[in-house]
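Reading through the structure tokens given below for one structure.
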């Protein structure tokens, strides 16, 4: 009989499962505001998970990392995005390109693929969170599906940010996070990216009077 | 010291131009800053020639023959493009396509872009490399949509999303790389991310993890190189952005991205012998042949040459994939001459489209009569890029083809087809544009043709006579790549 | 076999039968409180049942024997299910039948009979209700099975008492796969028992009914049995949920009568809480359009599958 996992490991598994659940919820969600709130919740769980790992493995730099994620992904980014959505009046997304049950099926397939891919790497890792690398990869792939199958610009961006969350989680599970300088750089890039996207949304809406990405498919070969 | 200058001058330029870029002499300041960067780069090159490869500032920056020549190339093309951009933007402003406010954004982002690329080239830290590549993308995204037309917004959006997703894959690859090395190098400081340290232990890294990491890194950075099938953003971004931006994208950003790929390849080849090379060859050939066939359908001059960039980057990638001293030498040479020639072509094409008032190939006619310098520039540039002797492109393509025939004969017909198809497509169209009845009006300011001819002259020289110092330099770099 | 276990078994069944309508009444009360109106008394369902039993049954002219048989079949299957599901104790003599897959089969039998009976009379509403019921059932059954598989994988057996005992035993481990399965189970419960957001139990708008449409033709004692059977079905589902996800308090194999008393009290508490939660869920959800019901159930199915995958990956 395998001995039951320690309480920390159980909590970490629970957090990882929660992140996966939120990824699926984002995949099936139609309202933009709910998407942003889910993204904030995902960030909050990431913070909790990172703090727990920092506490149990005794790594101080992970506390900073968790703090940075808290400020950026739980407070700043959702606030910016909510304000953007209000000003752009982009409340609802239209029907996605593939209907939702099919998207969910594809999602489950990708989860299986991600788990399979991550198995050999997890076997080599030495962190306490190594089992969750498969979930991190699954979150990245699910966010990717979300980006591909959505029609509104805002939801595509949400998929992009969710992918970024997945990458952060992967870094924490495989290697206890990247060095601080790199993490700061990545955070800065994400922030600047969102700013630029915000500028973009206004430009797009000004030109096309809608944020539906179907209008952005006119450049073709000829 | 020189390092600080090389990175600091463009950053300073970005700040200055962000504040004052709407004033009258912004373009001159831009050119001046670029000239400063060029001088610092030259000093850096001299130092490396004298002292050999250097590790600077807690091993965070690494300068060896491979990247210092790219630094010099980047600074040079950056400078000449800044020279070109001055009259070009004047004319654009005169035609009403751009306002001084947007010019301020343009100039400051241009310098920021230079700084980001130079950082990417000089850093030893794989994580910082990623950050710099992402910064380079971000600084050009707003530039592509500078004209605020529907098409340019679409192009910029595609660019952002596709390159963003690509670079996220590259981040995952970097994480995997860090993971593989952390066990051996420890997490102290950032040792596991430093390329020099990784290079020292590359034989001991776990092959499965490295293989997976390389796939992600190739897909990620390969998107920015424009390798098929991830190239969709490239033609649109080149066609819709202002011409100086197209020139630096084609001439510089693609090179820097390929540099990142090659650095990763060197690391991974330590434990997995053939996979990286084969993958590079495959993607390179695919890009070359796909681009060649797409060339036939193009009706827009800048899209035409964008696809030509994809083709040539494919050829360079293929050469790096083959490996070995001759192929690497040829690849490095090709990177140089392609960069110079393509930017020269874009300079000429930019002015040509300004004259004719359209970017459509059917709308541009009689360049030779209208402005001899423009017509000759375009024609010679096209001949150069098509690989006609005595230009330098012929030399590098010849070397690549002969190496392929010797080591991988199956690839030779594909390469020859790609080159041949591209030749037919481009030559026919350029001929139509350069000769024939005039269909345009003279420009309000005299075009900047000095950069065009300076580039073409260098390319000619490289084809006819390569200074032995330079040849030795390339050989050193080729040996480093392995 | 001695008499004592049989008596215990019978007592459990009687307990289930008496608590089921009260449970329905409790949910209705909670809903009323949440919606800020005065609630019907708790015993109202019992009063309705008594009233119905006294009335004369009227049947359509061409009703077949199946139509008359169905209420008894329904009631019988639900009572049997109540006997199988460990409500207060796990050492009951019917335990050897208590395979969860057989349980799903019992529910399926009930569903088939009611659908056939609904179509028996030949009215449009009956057929409509029957088709919708079958659609919901067809999608909900795999989801339910997947939920069970999650529990089986963790406890290593398909017999409900063993599952319960394994899950209730210390040490307390958080199983994320069970969390996923729990959410999926709640969704299936809502769908199978004709509650919002799939079907409104209080509606009589024919175009939106599922369950009500099927029982339109029944009256008096037949209707009473059918209503009692649906109450029992909800009760059974609730107890199933308790057994899988909050199994503490159940009297196990070797405990005495005191433990049974504790179990009854625990059951009442759990039912109270569950009723409140159900009422809350019903109040905040709007009824889904009928063609979105497959999406809802597909999500439940996929959540359960996800729980399975998470278990396989994390070993939890």
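Things worth noting here:
Letters A, B and C mark the chains in the order given here, with residues in each chain numbered from 1 onward.
Basically, contacts are C-beta pairs under 8 Å (C-beta built on N, C-alpha and C of every residue); 3 or more make two chains touch, one makes a residue touch a chain.
In this text, all values refer to a predicted model and were calculated from it rather than measured experimentally.
Under the contact definition, subunit A and subunit B share no contacting chain. With centres computed from CA atoms alone, A is the chain lying nearest the middle of all the protein shown. In this assembly, C is the chain whose CA centroid lies farthest from the centroid of subunit A. In terms of their C-alpha centroids, the spacing between subunit A and subunit B amounts to 31 Å.
Per-chain CA centroids place subunit B at a distance of 66 Å from subunit C. As a whole-number value, the distance joining the C-alpha centres of subunit A and subunit C reads 37 Å.
Subunit A meets subunit B in the complex at residues 117, 120-121, 124-126, 140, 144, 147, 153, 156, 160, 163-164, 167, 170-171, 174-176, 178-179, 181-182, 185-186, 188-189, 192-193, 196-197, 199-200, 203-204, 206-208, 213, 215-219, 221-222. The residues of subunit A lying in touch with subunit C in their complex are 2, 4-5, 10-11, 13-14, 16-18, 20-21, 24, 28, 100-101, 104-105, 107-108, 111-112, 115, 131-132, 134-135. Per the touch definition, subunit B reaches subunit A in the complex via residues 125, 127-128, 130-131, 134-135, 138, 141-142, 145, 148-151, 153-158, 160-161, 164-165, 168, 171-172, 175-176, 178-179, 182-183, 187, 189-190, 193, 206, 208-209, 212, 235-236, 240, 294, 297-299.
Taken together, the subunit C residues at the contact with subunit A in this complex read 171, 173-174, 176-177, 179-180, 183, 294-295, 298-299, 302-303, 305-306, 309-310, 312-316.
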